[in-house]
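Next come two complexes built around subunit A: one with subunit B, the other with subunit C.
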Partner chain A sequence: MRLKHTTIAAALAVLALYGGLIASLVWFFDAATFRAALASERTLFSVRLSLIAATVSTLLALLFAVPAAYALSRFPFRGREAVETVLEFPIIVSPAALGAILLIFFNNPLGEWLQANVIHFVFAFAGIVLAQFVTILGVAVRMLKTAFDAVPVELETVARTLGAPPRHAFFTITLPLAKNGLIAAFILTWAKALGEFGATLMVAGTMAMRTETLPIAIFMRLASADIEGTVALILVLVAIGLGALFVARRLLRSAAHA
Partner chain B sequence: MQALRSALVFALFALAGGASAAGRLLVYAGAASKPPTEEAARAYERKTGVRVDVVFGGSGYVLSQMKLAKQGDLYFPGSSDYMEKAKRDGDVFADTEKVIVYLVPAINVQKGNPHNIRTLKDLTRPGLRVAIANPEGVCVGAYAVEIIEKAFSPGEKAAFRKNLANYTESCEKTATAISLKMADAVIGWRVFEHWDPARIETIRLPAAQIPRIGYIPVAVSRFTRDRAAAQKFIDFLTGPAGQQIFAKYHYFATPEDAFAWLGARKPVGGEYVVPADWRTP
Partner chain C sequence: MLDIEGLAARAGSFTLADVRLAIDAGRCHALLGPSGAGKSTLLAAVLGTLPIVRGRIRLAGADITALPVEARRIGYVPQRLGLFPHLTVADNLAYSARARKLQARDFQPLLNRLIEITGIGALLGRRPATLSGGERQRVALVRALAADPRLVLFDEPFTALDEGLRRELWWLVKDLQEARGLTVLLVTHDLAEAHFLADRITVLIAGRVAQSGASTALYRRPANLAVARFLGLRNLFPARIVAPGKVHCAALGGTLAAATDGRGAGKVWLAIRAEHVALRLPDTPPRADAQRLVGRFDAVLDLGESAVLHFRAATGARLEIRCGSRVLRKYGFAAGQAAEIDLPAGDCFVLPDAPPADA
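Now for the complex of A and B:
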């Protein structure tokens, strides 16, 4: 009973901390500024841009991360240790440093060629997606590897002894059994992408109606010494981010139980 | 309520600053003067033993920080417009304001001028990638917009806007945009080429195209706990030792120096209201 109460208290403390911080925004809340922010085309653009970029970068990251994590979980191969080591690289270097590294990459011959012939990233939408993608890929692989590790290899082996090809066993046995990990990875990486700021700022710039995501809009409000505007946009980001995650969690859970 | 609010705000910004105490000064500074300000802070420490902590950032950003944290001894923005706001809002003691150096806007390009940009009009050439600082929050961006608005015809303005890749978030990032080849040209400060002489070259604008020159002011913050100590640092910056440091980085110490370089007298500082279509292009 004691354990139960202690752990619940810890859980509620998490809510109190984050809830308290969000509630503290009320001190600089200005209803007129908030209404104006909600009604402005510029805010709507930022919301749309943030949602689209975060979703695209998350899907791209999962597209890479699912097979990569499976390989790390199941197969010994040359370079595996190195891959494992590099996964936390985006977390260790700060987001601003990650953005700077991307910019420096675009100054080398390969980066220059890519920008000139394939796709222009700097100061463009593609730059937002790239900054978010690079930030979340390592975390996505790490989380998915843990999810695959939790699925017993024996189940795949049984399926294959019953005649299922490896690919079939992966899609019908491993992937469904790792669904909770997949859902968690999607939610965490999407949320991290939505809130990504440092690398995006470095690579994609701050122009409204072009590359101004919500986190960048918040920074520019603060940079204009407009604290009420900052608070209004933080509330928009919090509401949209938490709202979207709440809905996603419900949908994914009900789909998983179906 | 007030105590709780202060505690919260203080906790949020504790990492950004640190409380000012005896024998210590906290300066909120715009990044437009970063290299010499850092050097001046160290020189002042050596001379007086008073430690000078400097929080650098966009001029508006650090003003927000100072207001929210309710601390800091001096406000040292990158240009005059945020000082006007700080004075209006009572965040600094207006009578303590002093100008430290003067800034002249110019075009900045990569060293060697690979795109052969000679005039403002060259920035309208199809295919060029141009950047300016965000005119909403960064002073040098507002200067750039004013130059474009006054010098260009509507057609030229449209061509320039077509080449305008994006806005940078700070004064120093505008210089970095040239260093890291994010843009072919920016409209920044003349002094940028001295920040990164190996990569940045300044293209001088004719005096007729420069509506006004900028200046970097400093004033004592209303949150200071030791106004006299803060004033002493201002005296150091305006004195010969401080001015020598700024001169080393090629800032103009007087408006006359700037006018001599420009070849004409121009209005100094003030605020420019950026037209709405630059805020939401």
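Now for the complex of A and C:
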């Protein structure tokens, strides 16, 4: 019983920590400032920019992560261990360092050529998407690999003995069975992209009404000592993030009962 | 129908070496072997999920060695059945037809017939998770057969079932196999299952074919010590052939008559099946070829249908004896009781001293 109570206390302490931090914002909460901040064109721009950039970067990440995770889950190949190791790269290197690496890359000849001839990243929307993409790709691959690992290979083998080519078996058996993992991966990586700050700051800068995502906007408000405005934006970010997690849990629960 | 010639394959550190196997059309062939013998590796090579190092696999005269899994037309019922949990029974059964883009008229008549034979018509709208063990087995069986395969591979699909259900499904598979002329490769570690369903048996030990032949022949004459032990033969004693039909066995107290199968003088193992050892009974005259041993019972176990007696000869040798429970009850044999047994010469045979290098 002591173990049970101790572990439950630890779990509730986690809730108390994060809940307490969010609740502490109430101290500086001002309804009028909150309404004004919500209605301001600059806030709406930040919300819109954050939602669009996070969605684009998440979709791009999944486009790479789904096949990469499947390969890691199913096939032995040369370099597999290196790929698995590099997935942790964005976790062990701080987002700011990751952004700095990107910025340095765009200052070498290849990066400069890309910027001049393909797409301009630095201090641009594409830079925000790239910064978020690089930050979330490893996590997305890791989560999707876990989802594919949970689908028995035997089911694919049976599907193939029934005449399904590998691609057909993947789309009709593996992918539907990994659906819960895919949904979870999409929402969690999207939420992570939405809150991304360090790499975005390095690559896209802090230009109001241009590269001002919600986390950048929070940073800029705080830098100008606008505490009430900062609190308002934090609450918006928290609401969107928690909303996404709530939707994810509901979707996963209904998928599990389907 | 299926011809495997000199197949070698590698799965991790395990190697399958020079496997030869032939199954005639319409026959059931059982692949037996202890855990880690290479049964699953061989199955994977035949299915096409494991690339082979050497050799050739022919099915219905065509070389399928290089064909992908989906082009081999081999039905597969794995141990855990592999029913697709997100699809209804109907969708599981129609999966093959959809994957091959078949018209309903090309698969529905066969599917309907199989559904009728196996009695799963009422299950079509249900998901696999809601089915009982027996229902799941039937669905997996129909799904594999509905694809009209040239060969069906069963990988221990009856292992997790209770005895009654297992026997019921054996009959179903046997009836289907005979009625539809199916060619079957059955992987099992259950000797009774192999004897019930298969005409021929191949015993795989340590990645090699240790023996292959008619199921009755394997029962009567295991090829070597490893096969005999795997097949459950317990009464094995070191001996020496002293003349054709005569072996000297110190453990059993002297020279005994046994089938020496044309072998010359030399070291062998003397073998007799537990069910062939005869108890000397007061009201039954011994067989003409009886060879008497005296000793006592160490243990007597009544298993319901049959009984097992552990006999220790005066020489110290231990033998296992199987008989009907009725015999046990009628004569009241008990542990510690002095007894006499007979080793009929016609049931004693010899095995080579060591397994051959290449069986």
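In this section, the second predicted complex is superposed on the first by the 230 of 258 C-alpha atoms of A that agree within 3 Å, B and C clash if a C-alpha of one lies under 4 Å from a C-alpha of the other, contacts with A are read in each partner's own complex, and residues count from 1 in each chain.
In this section, contacts are C-beta pairs under 8 Å (C-beta built on N, C-alpha and C of every residue); 3 or more make two chains touch, one makes a residue touch a chain.
Note that the coordinates shown come from a computational prediction; the quantities given were computed from them, not determined experimentally.
Superimposing the complexes on subunit A yields a three-chain arrangement in which subunit B and subunit C fit side by side.
Using the contact criterion defined above for the overlaid structures, shared-chain residue A:177 touches subunit C, although it does not reach subunit B. By the touch criterion defined above, A:164 reaches subunit C but does not reach subunit B. Of the two partner chains, neither subunit B nor subunit C is touched by A:236.
Counted by residues of subunit A touched, the larger count belongs to B, out of subunit B and subunit C. Of the two partner chains placed by superposition, A:126 touches none, neither subunit B nor subunit C. If you stand at the C-alpha centre of subunit A, subunit B and subunit C are 150 degrees apart, rounded to the nearest 10. Of the two partner chains, subunit C is the only one touched by A:154; subunit B is not. Measuring only between alpha carbons, the smallest separation of subunit B from subunit C in this overlay is 47 Å.
Taken in their complex, subunit A has these residues touching subunit C: 152, 154-155, 157-166, 168, 172-173, 176-177.
For subunit B in complex with subunit A, the residues that touch the partner chain are 5, 8, 57-58, 60-61, 63-64, 67-68, 82, 85, 129, 131, 134, 136-138, 165-170, 180-183, 279-281. Looking at the complex, you find that subunit A touches subunit B at residues 24, 27, 41-42, 103-104, 106-107, 122-124, 201, 204-211, 216, 219-220, 222-227, 230.
For subunit C in complex with subunit A, the residues that touch the partner chain are 47, 49, 68-70, 72-76, 78, 80, 82, 84-86, 95-96, 99-100, 143-144, 147, 149.
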